[in-house]
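Take a look at these structures.
Shared between the two complexes below is chain A, which has chain B as its partner in the first and chain C in the second.
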Partner chain A sequence: MSQLEFTYQPPRALVQTLAALVGLGVLTWVAGLFVDPQRAWGVLLMVSFWLLSMGLAGSLFVGLQYACGAGWAVAFRRIPEAMTAAFPLGAAGLMMVFLFHPEIFPWVTHHGKAGSFHAIWLNRPFFLARAIGYFVIWFVFSAVLIRNSQRQDVDGDMRHTRRNIRASMAYMVVFSFTFALASIDWVMSLQPEWVSTIFGMYHMSGLFVSGVAMIILLMLWLKRSRPLCDFVNDEHLHDLGKLLFAFSTFWMYLYFSQYMLIWYSNMTEETVYFILRHEGVLKSMFLLNFILNWAVPFTILLPIPSKRSPRVIASMAVCVLAGRWLDLYMGIMPPITNGHVAAPWMEFGMMVGAMALFVLAFLAWFRRAPQTPVRDPLLAQSLSYHS
Partner chain B sequence: MQESTHPDPLGRPPVIEAGHDYSTVTGKISDIVLRQSAPKAWFFGFGVGFLLLMLLNLSISWLFVKGIGVWGVNVPVAWGFAIVNFVWWIGIGHAGTLISAILLILHQSWRTSINRFAEAMTLFAVACAGMFPLLHLGRPYFFYWLFPYPSTYDVWPQFRSPLVWDVFAVSTYATVSLLFWFVGLLPDLATLRDRAISRPVKMIYGALAMGWRGSARHWHRYQMAYLLLGGLATPLVVSVHTVVSFDFAVGVVPGWHTTIFPPYFVAGAIFSGFAMVLTLVIPARKWYHLEDVITMRHLDNMAKVMLATGLIVAYGYFMELYTSWYSGNIFEMFTSWNRAFGPYGYIYWILIFCNILSPQVLWSSKARTNVPLLFVVSLIINVGMWMERFMIVVVSLHRDFVPGAWGMYVPTFWDFATFAGTIGLFLSLLFLFVRGLPMISISELRELAPVGRTAEGGE
Partner chain C sequence: MSQFQLMGIFDDEDGVKSAVRAAKEQGLRIVEVYTPYAIHGLERLLGLKRSRLSIVCLIAGALGAGLKLWFEIWASAIDWPINVGGKPWNSLPAFVPITFEVMVLFAGLFTVLALFMVTRLYPGKQAAIIHPQVTNDRFAVLIEESDASFDVDRVREMLKQHGAVEVTERLTAEVPA
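On to the complex of A and B.
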């Protein structure tokens, strides 16, 4: 069997539409730069962080499967592998913000007390060096995981799996520390006086649950449009549904822990974060965040049949992805716009552009390898298991 | 079934060694209770446990006679050993529910050989934990004031206090864990009833088995009930230690008020719980020759869970330390400094060694399959997690905001005696359990026995 029979060619019309949407996103951003530059740079930070998170969610998912010695997800592993293509795009967008409009971070113009840890940690050269360090670390680990996985397509050697298990275990540890620090740098330091120790873990849970939602949507689409129809079935969908359910609840747990502890203790230096997000329209968006990311998926996904129904689970994945955008908006934009909410044309235009860019990058990467890891020793287990 | 007894591509050891079928499994486990006399180690272990239990009796009696002054608690350190022990014991209980409930709904068949044992451990650990808040009440005879009963005095508990949430969280946890354990025991109790020789023994197990006949209808309802209880117990694993962490984190004490406490406490609880399961399972498996049903696969997996949760705990330590400096808050920075270099600095370095450094040996698969080493690491972690709670409770309290209100906490003989006494209660209950009930689930183990399966795998 040749590998070529497994490679996938996306329809040309689809690629053209996506490219047009990316163009729309770029145009929105350029227009935004003229109308309200501060906000336009803020939205660029938001969509780049989203792209980066989606890419990292792919490598995190792959890494978790290897680290746990799990075989069930092998059949569709090429989806999270290809998602990592979004990571360099997100990194590029973030670097643009850091290099060309760092004033978005208040600490760039108002320094902390000289010599304090705050002032040492949050200064531009060190901040940039850290960002580059994180990108390099994540890139190396993702590249190693994917390279070993694709080499296995040729020789089917178990050694590649073993190498990836070792690399994944290291990646899980390194990732959790680096991503936590990165989310503090890029999101939490937008309000440099505010701190929360759960922040990194909270962003990791959001990253992972939205990654699972994206995997579900891509899997259903690639199953319907043929490339994966022989490899994935309701069992995979069911288990992905369980993951979506579990990690949506995990996200809620962390969200609640942070909110409840700050609300209960009612200390001025901590409540500023929520007070900024409780004014006017933001208040209803604040509640909607909780509903989209947890209340709806939890209620709907509780019964078994809904986790096996492509229609229900796809709509829940869309719900969680919408919730993720809202969560990022609530985390990033209010400090930048001072809690002012304007007509969201800029946000929507660039979000659509970012999502189209994500799918384009995904397709470009997905067609470079057989659509399933054809010679992975665990593939047989993945094709025949029962959830 | 994902995992069965045939070798898998990753080359992990089997969850049950070859050569077992339904009758050997049943015989092996039920004979420990019904046919064999207890090994010498049992008498030794139970004896030690019983003596310590008597010490508990003595120290509680003395406490009731004299009052809380017999302990080392004072102002500002109003919470001493009692709360440290409470959190430590509750944490240990978590592994049982994690193994029995979460691994059940995740279809992890390796849980089967250890779940009964771990669930029993949970119940006994919760029993030890539950005593401390009551003993800590100045007037323990008013303990029922904690419950919201319709009182003619119109005195209600303070529902805004996490201490009241604790009452609900812990009592729910204890109830569901007990039900889960007992429901799981039913088919095995019937097995013991059917295999018992003497009539009184038959009658006791018969009464406990509640008329179990093993009919298809019984099994159907049993499976459904067991799964539902598993689903109910799952959020409890998280909620109990979350509420325990709220006891600290809702306060405005530096070192207590930090948002990462809930997930970090839960991870720490599972970490210490698995360490305790290993501490107990390793000797039990040797004394009762259970190496073929509690295999290296189990020890290896438990070691991996310990490593993973230990790393989450390390992440929690790191985040607390990092954020205290990042925030620039002098009270937070002082607390971090004081933990490491203050008068209780040695506690900090012991816990860093025990909880962060020592589990790192588990990265090596050689270490994970070295049984004596695993035993030592699990003991070290047990000690480390107790030290962690001491650091959180005492070290945060002993330096108040104003230096005039600083103090030290020096535990008395009765502090140590009460703590050692609860270990005695725990051991006594555990040894009685091992003697009188099947310590491994016979009915679930039968499902793993490689009968009717092809050697190559498949269903």
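On to the complex of A and C.
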């Protein structure tokens, strides 16, 4: 793509291990299809949604930086750009679920009352058309942002930045509506009788906080393994730490807002969501969810030194990513398995496969362009940045 | 007794930074740097210690949250129990929003008050501006004679070298300890 010299070659052993793990994930899924097809399709929905969110978090982060005119993140912008590579993979996995096993959505077999809003909104043709619409919108915006950024490497033209700023502003608005609707379509409609208006926002905060955690891990890794060692420093880490801290709290804010209102009004049609997630093992997982996603990162990241320490912040990023998986599990799986928790070999196998697939896709894209946007007008500002 | 000070006026922040760096290397005593806006990284060049305001903020926030939580538990479970929707007297989720608000209120107010106390600011205080333009487009670096080896001409030369547009001498009453 780019004529500029860039010789990053990920270690062969790493790529082979990752490929093996992806294979393991696929095998787990195939085995799962024989053992418990309903659950296997549910887990496929979960891991695909995770991949999709990771990819979208990448383009959302890039768009956010352009829309705010922020310069600090330019030095490592190639990381979120390359993360978008996961988005088509997630979209493909979701389409497989929607086309080949739509029965995991209860409204496919039990229609709502004819003419009601439920029946109009939740019917298969419209559902599929919406899904394709979301994918196309996200794909176009992500592709435009990344293409302009990489073209700038070659000619250093300011027009690319200006175009990206305009595209990002539109993307921010379009994204919030489309992603809110998408999470309602794909996750909330697993329990179609239950509605929550904060659900889209809540999923968006989860998407962003896990995306920031992933950017932190990838940045630390690429800094240590050379490609980014001359470009990023503790100042960038500090600001990413602030974002992780802030969005972890934001996630908790929305999660609790949803919980408290339902708990307080105590109406049968609303509490059904939490009752399903309060039985047996799920109850401790429910508590663990907010410990991993908020309580631990909040307390640990409160002092400044921990936001500047690679070791502390990497472990908090891992904590938030684990919390994200748990949050997705709690959102998606209980309605599919009727709240029954079995030995989670299927979940873990496919999770590992999805994460390996993510890293493979990331590496494949990261190699396609110079490791930092060499001619971005804000690069100098990012390199000499003080948080 | 009064102190002898040299004030270098600069018109860009890079000059201020390099002058501060040079002054630190020569072991000169920098009393203060006045800038119209925050220069990032200057606090590290000056070797300033971290502000303790964040500790005030943390303690005040914890105090506010604790007091409010105690009050809510006392009011709704001990002093005047009221049955709301059949929920237990001590319903923690219901207390969270108010506890959060009071924590933010305490943390915010006490941090601002502590800032005013530390900087000795109060309503109606006369502004003490060292140079009329430091609130607009000039930066001032104030260096004090600390010992006998202080060479006025050399320091003046150093300030000029780093881009000072103007260097003035001033005498000041010694700040009471």
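In this text, the second predicted complex is superposed on the first by the 380 of 387 C-alpha atoms of A that agree within 3 Å, B and C clash if a C-alpha of one lies under 4 Å from a C-alpha of the other, contacts with A are read in each partner's own complex, and residues count from 1 in each chain.
What we mean here is this: a contact is a pair of C-beta atoms (placed from the backbone, for glycine too) under 8 Å apart; a residue touches a chain by one contact, two chains touch by 3 or more.
Quantities reported herein were computed from a predicted structural model and do not represent experimental measurements.
Undergrad: Could you classify chain B and chain C on chain A, in the superposed arrangement, as clash or fit?
TA: Aligned on chain A, chain C clashes with chain B.
Undergrad: After superposition on the shared chain, which partner residues are touched by A:Ile198: those of chain B (first), chain C (second), both, or neither?
TA: In the superposition, A:Ile198 contacts chain B only.
Undergrad: Using the superposition on chain A described above, determine whether A:Ala180 touches chain B (first), chain C (second), both, or neither.
TA: After superposing on A, A:Ala180 lies in contact with chain B but is clear of chain C.
Undergrad: Report for A:Tyr264: first if it touches chain B alone, second if chain C alone, otherwise both or neither.
TA: both
Undergrad: Please work out whether A:Ile304 is in contact with chain B alone, chain C alone, both, or neither, and reply first, second, both or neither.
TA: second
Undergrad: Classify the contacts of A:Gln381 with the two partner chains as first (chain B alone), second (chain C alone), both, or neither.
TA: first
Undergrad: In the superposed model, does chain B or chain C contact more residues of chain A?
TA: Touched residues of chain A are more numerous for B.
Undergrad: Could you name the one stretch of chain C listed in 23-31, 59-67, 113-121 or 149-157 that collides with chain B in the superposition?
TA: With the two structures superposed, the offending stretch of chain C is 113-121.
Undergrad: Both chain B and chain C touch chain A; at which residues?
TA: In chain A, residues 264, 385-387 are touched by chain B and also by chain C.
Undergrad: State the interface residues of chain B toward chain A in the complex, per the touch definition above.
TA: 1-2, 8-10, 12, 107, 238, 242, 246, 249-252, 257-263, 311, 315-316, 318-320, 322-323, 325-329, 363, 458
Undergrad: Hey, which residues of chain A end up touching chain C in the complex?
TA: Residues 256, 259-260, 263-264, 266, 302, 304, 385-387 of chain A touch chain C in their complex.
Undergrad: Help me check something: in the complex, which residues belonging to chain A touch chain B?
TA: 69, 71-72, 112-113, 116-118, 121, 158, 161, 165, 169, 173, 176-177, 180-181, 184, 195-201, 253-254, 257-258, 261-262, 264-265, 267, 269, 377-378, 381, 384-387
Undergrad: Considering only the defined contacts, which chain C positions touch chain A in the complex?
TA: Listed in rising order, the residues are 40-41, 44, 50, 54, 58, 85, 87, 93-94, 96-97.
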